[in-house]
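Both complexes shown next keep chain A, but they swap its partner, so chain B is in the first and chain C is in the second.
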Partner chain A sequence: MAEDILYHGEPNGPSLSVLAALAESGLDIECRHIDLLKGARHTLHDAQETLASDMAVEGEGPILLKDGETMSEAVFLAQYFDEAAGSCGLQPKDAYLHWEMMMWCRQVNERLSPAVAYLGNLACSQAPIAALAEEEFAAITRSIFSDDLRQRWQDLRDDVVDAARREDSEAKVRQFVQRVEDKLADGRVWLMGDFSIADLETFAWLRPMTELEADAFTSAPLCRSWMDRLEQRPCVQSALAKAVTENPKRAFAPGPEINRWG
Partner chain B sequence: MADVTLYHWEPNANSGKPMLALMEKGVPFESHYINMLEFDQHKPDYLAINPQGTIPAMTHGDRVLTESTAIMEYVNEEFDGPALMPANAQDRWRIRWWMKFMDQWLGPSFSMIGWSTFVGPMVRDKPKEELEALIERIPLPERRRAWRKAMFGQFGEEELAESKRRVKFGVARLEEELGKRDYVGSNHYSLADINIFNSTYSLPMSHPDVASKDATPNIMRWLKAVYLRPAVQQTWAMGKTDLAHRYSLIMEDI
Partner chain C sequence: MTITYYHAEPLANSLKSMIPLKEKGIAYTSTYVDLHKFEQHSDWFKAINPEGQVPVLDHAGTIITHTTVINEYLEDVFPDQQPESGPLRPTDPAGAARMRYWNKFVDEHVMNHVSMHGWHRLVGVIARNVENGEFEKLMEHVPLPDQRKKWMQARSGFSDADLALATEKIEYALNKVEAQLGETPYLAGTHFTLADINFYSHCGMMVERMFPDLEVAKHFPRMVKWRDIVTARPAVADALSSEDRTAPGLRTWSGDR
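The block that comes next holds the complex of A and B.
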């Protein structure tokens, strides 16, 4: 049986949290860097059962290829690593804290990540996608299974910008920074008390915003210190060391969609 | 710790998830029926429990829990009773994947169609001023926008067409999945089945063009297997509208 392979992009957003979670788990899984902005994720060799990558809710994120099945969604991959490693401490053992971690991550994925992806893609990947030769772009979109993900690629290429969405995304980033600030107000070191996937997932999406939406962090000293702690954590350092560009904070590819309905 | 109270609407979609999970685990709970069509979820009594005004919510002793899928994981971990998550890590990942696919991609489309054809017309006959006052009371801006669309019938043709496309497409993926495994995401009855059953049990009636004995035999086989579980029957008996009753007639015909 083929070895498991983690295909990841630059350590930013979901690729950052998954690489850090893998390092934290200590599992020995081969990591292969791919260019998400070239659609490399849609044509993986040896992938047979591909629903989870074809229809990934988080868009262009990392993929774990295991026994021919593509596994997606950063939070669930981190949970998988934790559970496959026989519980390495990435998830609280107490059922209530575990619920809180999952509820927190769900809200990161529903509110923060679509907002960050929207802003990040407009700022960083719109121009490279627009610059692709017609043939190259057509080859990428042909390889994309999901109609709505393909549309997000097309909108970037066509420079479709919705001012209301941009404003709403900026507000969501500010709100989430404040939410982290409030959570840390009781002096806790990590969001759930002990270190967990909630720290990695939230940090991975907020990190690029320190450049693109720097103002959101100015009155959030606790959030900034918490991000410094994460930046220094060995698993995050190990993930960041996998970067092949100078500034992975600017590495984006079409991500999760903004809520269509309430 | 004892004393579980569940605040829920009909045994359907999000409310149905923790109801059925508690029934499967054999956990006794106090039921607080929140009539969504009377906007009980935005009244002060309920906002004191869940300030976001979304249903369901569950209290366990002094703990307050929201987000129906995360509540189910809590119920499974906290209480004795049959395991509703398998032991294998890849199966657990797949179950969580399917629940997210339903909660964040397919479910909102079911919901939009349901609200445009059912919830909207049920509440629309109140005076405009009263509807505006009801909207004003909703804590979350996203929910305010959704209710406004439902109350005043402001759904766009394009967004409804996209929701219909997703329902057809998502149901086809579910049919494929149930052709590979006995249950959703694994060969064990799990939280994914509870989650997805609560949003799809009505398909043969609401979308006979996409789910039927001929078009989706695997889904029909699975719906019947879940429907026959005693916990489903007990949960449906808690419904106050004829929703569950109407669908039980369909199930009997499968």
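The block that comes next holds the complex of A and C.
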């Protein structure tokens, strides 16, 4: 049986949260760094065209290759690690708190991550994608199954900027910082009380915003100290140590986008 | 431990969490919320769910919302009450992950597109029928800003381009489902799971009626066979025969244009 391999990008966004969840679970899974901005995720050796790669709801997140099957989506991978490790404490055991954590992660996935990905890609990845040679870019888009995801690559290359979407994204980041601030207002250390996937997932997407949308954090002292605590947590440190660039906060590749009409 | 389920017609979201209740044989009190009368925005209902949306599960005073998460909550609380076909959430971690991809796909890339057509047909009829002034007053009671926007838009109607794009996405999803059902009998593998319940409730059960132009029977035969198998499950049939007060003139959401 083939060994499991976790293919990941720079520790930012989904790659950061999944690497940290893996470290927290203590599972022994080989990690391989790939260049997401070169489309490496779509041409993995031994990967079949399976469900996860075809879904691509999350965009260019990490992929766990397990017996030829690809698994993706940061939150689900974190849940998988927790469950495969026989409950390592990443998910609350209480059904209500578990529901609350999953609701929270859904809010991150539906509101925060598309917003961060939109702003981050425009700021950091638009130019490198536009600079790719025609042939190289065509090879990447040919390898992508999902029409939606391919379109997001194309829009970035063509520098399609939607002012309303940018504004909406900035607002969503500010709102989410406030949401974290409100959640921590009762003095709790972690979002769900105990440490959980909700902390990792939220932190992983907010971390790059501390540079790109710094103003969003100015009146959120509780959120800032919560982020400091996460930054120091060993599993996050271990994930950040896998960076190969100087500033992984600027590492973006086309990310999640969902229907924003309602 | 008393359970009350607040819901509208057995369709889409309201059906999606009703099926697991029936499949798991969980006794519950049903409370119908009349969307045609905007009851979900009334004070009594907002006291239960401040977001003003159905369905809601009240589990001994604890309020649980959002169908995908309600359904996982039911798995957490009642892990041993399962239909004969097996657990609604696979017990192996990889199987659970597969079920979750499908749920996410349906939630983010299917539900909203079908829903746009549904809103356009049904909600547009309701909203346009409300006299000017009256409608604005009703909107003041809608708690979520995004939801308010939806109502306003439904009232003015969606553009043909938006509707065509939504239809295209639905066709894309049907192709994906058809391909998966060529590999496995159910979406997440060998067993009937929450993923099947999700796609069935938001798309599978009504897509043929709603979109005759897609020629569903001809192009998606495996999906049709799967749909009929799901419809024939006693728990699903039981849910489908539950309260439907949709005024006949408004049965456009899941029916013909």
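Keep in mind that, in the parts below, the second predicted complex is superposed on the first by the 258 of 262 C-alpha atoms of A that agree within 3 Å, B and C clash if a C-alpha of one lies under 4 Å from a C-alpha of the other, contacts with A are read in each partner's own complex, and residues count from 1 in each chain.
As a working rule, a contact is a pair of C-beta atoms (placed from the backbone, for glycine too) under 8 Å apart; a residue touches a chain by one contact, two chains touch by 3 or more.
Note that the structure is a prediction, hence the values are computed from the model and not measured.
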Fit or clash - chain C, chain B, common chain A: clash
Chain B versus chain C as contact partner of A:Ala123, first or second or both or neither: neither
Partner chain(s) touched by A:Leu240 [first = chain B, second = chain C, both, neither]: neither
Contacts of A:Ala95 with chain B and chain C, given as first, second, both or neither: both
First (chain B), second (chain C), both or neither touched by A:Leu27: neither
Partner chain in contact with A:Ala139 - chain B first, chain C second, else both or neither: neither
Which superposed partner A:Leu44 touches (first chain B, second chain C, both, neither): neither
Chain B and chain C footprints on chain A, overlapping residues: 51-52, 55, 57, 66, 69, 71-73, 76-77, 79-80, 83-84, 95-96, 98-99, 102-103, 106, 109-110, 147-148, 259, 261-262
Chain C to chain A touching residues, read off their complex: 62, 64-66, 68-70, 72-73, 76-77, 93-94, 96-98, 100-102, 104-105, 108-109, 112-113, 115-116, 146-147, 149-150, 153, 162, 172, 176, 180
Residues on chain A engaged by chain C in the complex (per definition of touch): 51-52, 54-55, 57, 66, 69, 71-73, 76-77, 79-80, 83-84, 95-96, 98-99, 102-103, 106, 109-110, 147-148, 258-259, 261-262
Complex interface listing, chain A residues touching chain B: 49, 51-52, 55, 57, 66-67, 69, 71-73, 76-77, 79-80, 83-84, 95-96, 98-99, 102-103, 106-107, 109-110, 147-148, 259-262
Residue ranges of chain B in contact with chain A within the complex: 63, 65-67, 69-71, 73-74, 77-78, 89-90, 92-94, 96-97, 100-101, 103-105, 108-109, 111-112, 140, 142-143, 145-147, 159, 162-163, 165, 169, 173, 176-177, 180
